[in-house]
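Each of the next two complexes has subunit A plus one other chain: subunit B in the first, subunit C in the second.
And then the complex of A and B:
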């Protein structure tokens, strides 16, 4: 569609002397007028983060046009509010966001500029993933002295497969409401996803059973939901406070704790400084395990199931 | 938490048993002390022994029970340590495990968890009852059905509060303090620095203490206000309503209207607040053409994002353009003089006396990590130096930004920003033809800056400035000196709510008909804090 439009533009201006010039301009005008119609053939879905995007793809399949704003390898707290995102949001029928202030630093100005009433909070076109999820670690007292604390609770919840199912169902409901003709398709896809997760949970649970109860160190506090699901303790962090870079004195403390508790693994995400984790690992004999909250953040993890597969097998191997 | 509840539940019957057994035990214990008066028979002692024995057994059995339960909990290793919010119903995982022995299936991983997912999602899930193992639902993590959101229609936003720090509020409030410690080789730093929020004297400066408010007015409008307090060189507080405007949120066809007091959308820097700037001071061209406070005023603006596959926006505004915030326009100037003319300072005679400000901007992504934003702007109106003297300012701006695909906290990045402006200023004969000469000044200038965020929280910057003021044999205004400037700085952002910046400026002021050349060196140490819920910044 984009190419068609471009070719019209080129045709319209490349040869101004052409006697068909006016005719071509009319074509261009027609193409412009048709733009929204062509676009509305499929649901235009925007996901703020790649995890919601992966779930939307499971549900929507080829019945949706999907745009994911953040890259799976970048820090989801700080994403540039690129002007092209305004265009995607302006054209969106559905916006899937976290709703737990993870995107607080960049989504509000985009929405303000997008001026799209279809994706306002409360409309069926706005699916907020945290809706119906009980967030962990809700601070009773919000102070920025504690670092980058999320007032509504920890927003990194999609890595719990049971929560992922709820989000997928939520997305299916939203798609069905806006595109009733394909409601059966979305529902079937949800059922398929749900069955896949239920079956996979047995596998993942069995893989994690031998390492249950172990302590793991993480760079940032992104993993309470994963830890909760699989019975791990991920409660020591390389960051002294969320969002605050590791300091030498804090790392000394972490190393002492790791030695005392015989902790075997440090998990880092693609955007973290791996060298810091390596240093701590070499001082303690632990392994650095590359983790990601987002499908696509690790090689070969283009779907949600593949991501959790990778997380579970990587961590189980490191903790053995 | 759950563990505590379970242990309490386990201890409760134990205590009850003790309470029930206690009276006979108490009545038997005094027995030896009263043995002279009432000697116990062998049968009594035997009965007591049996009683004690059975009590001991009961206690042992209960202790074992508590131990078992603790072990089961440990095994399930659920929410206890992970700090899940309090949840009265027993852990679904523990439930699954305790149910397992009675069923034929071996204990497996649960696939439901009502502690995380609401029961309303459960019916859809119940189609697969075959799994007796790992829970696939969890009500401790999912609390209520997603369908509940759709019940809040558009009308609900009438009373929809805005969230601050986990609480509910109708507006975001923040306070921003921006300070600088300055040294300059010039004794008149206020003449060297062209912006009103720039350091204005040797020593300490507090030129921008800003209260910001924003929020949804109702389903149709948003409201914004920025109230700035600044301390002058004698430490007197000046108050400035920098911005206060409302804008529409739900107009059709991608239109938006804005009305009130606001910064003109001229170029990149003018519409932004000083604390978001990458340097401690205003670029020369902005301060000298658009004014020390930027081009802003009371007016109205409409904008339209074009229905194109890329970002393309047309903006058109009209403002009174009066006073020092309409610097090159209807500005009576200090002491009623501007460019040496006695100014007219009159009411608007017609539409030609307003400032008209169009802008057209486009943005493209060169790649996944590179973005370009380019714009052209204009500002057209009349000025106060003569009966029919007019001002036109044209601007072009370009922003290029690269940000790593593995960025943490937004770092690393490289940002290059350039703005060029041309001003045509008709300087008239002044009020009542009091000035002998009318001149037309063709002035132009630009700045170009590169910022490199080389490490999380650290940014190095370099900026070049140049302004060409047309030389005049009749006008000796200090602002009409061509000049250039080189600046370099290093900024540390401990978090996005604070910064510390060290900047070095070298200024060169060129000789003109009236003024001699000058060279000035300045050093600024700038620091900033933000309290409260400060709105996210635009690209």
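And then the complex of A and C:
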């Protein structure tokens, strides 16, 4: 459809003197006015979260129109809907979401209102990042008595660079299937991204080597994949249970554990209450390290590689 | 734009009339924050349902939430004595904070994140579904008929309490009836449109009406105009500038109220200078 319209446009413009063509051009203009989406040469891509957005940008470059719904400094569990979200979803050719219930609180009503059959689950226009990824910490029973647990497993997986490669490949395949004309471009971009990550993995590994095996405290359980990749233990949390605000007795316990294990760092994200982390840090002598799951959540991290660069160097410096 | 904004606009046309009318009562009684206290009572009921692992969309949860608003209504009708040292607004404020704090305590034990509860309680006018709009509209029509058929007593109790007592009305009983129905209306509208909007729709049009007119029917008409204008203009602004819709409507109401206050001041001044108000 897309290519058909484009070839018509080219034919019409190439021979403007021809009356038949001019007439056809007018018809075409009317068709274009009615079908702006079909006529646009670029894929309309919507990413729910900034990490998927950053990967989509690596793959799609200037061949896609990209809209990212959540801001990098926003809590991915709670995102405020705006009218443009519905419009973007309605016009989307591709929707990239996590597929692991992280956006459960806000994406379903938006999709219900957008009513776009192209991006329904199972359609080629829906790329679910978690597909083909083995999620960590899948709860054995789903009573949800253990807090705001995601039934499918921990959904904060993009911070593992090897998983990010898999997601990027998945995105490249989706784009190629929907826009075969640019398949080679998407594939080349994926190869470029893969090579960049492979080169960086050694560098990151070397930076983290001296601090390997150390324990780190986090506000929320967003970092099992990062910890797994770089050989850290991020298994003590300021929240007593996911989504539940810290209570005094729990914080006392955390402080005792931190003293016993000589833990040197607490990682917090922009949308967490930094004062709680600082209170615990001042009681234990640990450092508060600002972290983000999302490119753009820390200054100077507009790409995925820059984000992991920042996370690795910040944490290594704090743990030294 | 219509595809996205159609149902929000329908909601803003079909639903606020009842809130404006109830708002006149609420402002007259001087119990401005009752809606927020009532909504908080309902959410406390829902937290209890979470604790018992009930289906949040089911009838049991709804009944518990309604039960809690009835308890709220009972408290407010008992404390609203004819001559009390303690203003009603103090009781309302206390009910609000205690209900909010109790919800925090329950949730920390229920150990279920508050995503679902927030979803359940606080709607977003942008994302209303046709089904929600019609269900709410049907409820509002029923409540409207109920209020209309008993309007003499309801109006007497709100606007002329001394008169109501003199006539021998059972004022507390009428208060309770008012609060119970009010709680039902507020809770169902909050689920569609959120707390900010419910408050704005109750209070701002009523205050505008009081500013510009003295008769209840005139105040009601002015309030309806303001509610429609503010709601629809707010939705348009929210679309054009891509702002969160509920907050855009509330700020539009704020701007309208400022304009109307200036207009009322100017009218008052003019009346003074011609000498109308002196000859009253």
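One rule holds for everything that comes next: the second predicted complex is superposed on the first by the 283 of 320 C-alpha atoms of A that agree within 3 Å, B and C clash if a C-alpha of one lies under 4 Å from a C-alpha of the other, contacts with A are read in each partner's own complex, and residues count from 1 in each chain.
By our rule, a contact is a pair of C-beta atoms (placed from the backbone, for glycine too) under 8 Å apart; a residue touches a chain by one contact, two chains touch by 3 or more.
As the structure is a computational prediction, the values presented were derived from the model and not from experiment.
After superposition on subunit A, the partners subunit B and subunit C collide with one another. By the document's definition of touching, both partners, subunit B and subunit C, reach A:113. Contact with subunit B, but none with subunit C, is seen for A:213 once the two complexes are overlaid on the shared chain.
In the superposition on chain A, A:90 makes contact with both subunit B and subunit C. When subunit B and subunit C are set side by side, the one touching more residues of subunit A is B.
With both structures placed on the common chain, the touch criterion links A:105 to subunit B and to subunit C.
Looking at the shared chain after the overlay, A:151 reaches subunit B, while subunit C stays out of its contact range.
In the superposition on chain A, A:242 makes contact with subunit C only, not with subunit B.
After overlaying the two complexes on the shared chain, residue contacts for A:260 are found with neither subunit B nor subunit C.
Applying the stated contact rule after C-alpha superposition, one finds that A:271 touches subunit B and leaves subunit C untouched. Once the two complexes are laid over each other on the shared chain, residue contacts for A:82 go to subunit B and to subunit C alike. When both complexes are aligned on chain A by C-alpha atoms, subunit A residues 77-78, 80-84, 86-87, 90, 104-105, 109, 112-113, 144, 147-148, 243-245 touch subunit B in the first and subunit C in the second.
On the subunit A side of its complex with subunit C, the touching residues are 77-78, 80-84, 86-87, 90, 104-105, 109-110, 112-113, 143-148, 240-245, 247.
Those residues of subunit A that touch subunit B in the complex are listed here as 2, 5, 32, 35-36, 71, 73-75, 77-78, 80-84, 86-87, 90, 101, 104-109, 112-113, 115, 117, 120-124, 127-128, 131-134, 136-139, 142, 144, 147-148, 151-152, 157, 160, 162-163, 165-166, 169-170, 173, 177, 190-191, 194-195, 197-198, 201-202, 204-206, 208-209, 212-213, 224-225, 227-229, 231, 233, 235, 243-245, 270-273. Taken together, the subunit B residues at the contact with subunit A in this complex read 74-79, 81-85, 108-113, 115-118, 120-121, 124-125, 127-128, 131, 133-138, 140-150, 152-154, 156-157, 160, 163-167, 222, 249-251, 254-256, 305, 307-311, 363-365, 368, 371, 373, 401, 403-410, 456-457, 495-497, 535-539.
Subunit C contributes residues 1, 3-5, 7, 53, 104, 107-108, 111-116, 118-119, 124, 126-127, 129, 238-239, 242-245 to its touches with subunit A in the complex.
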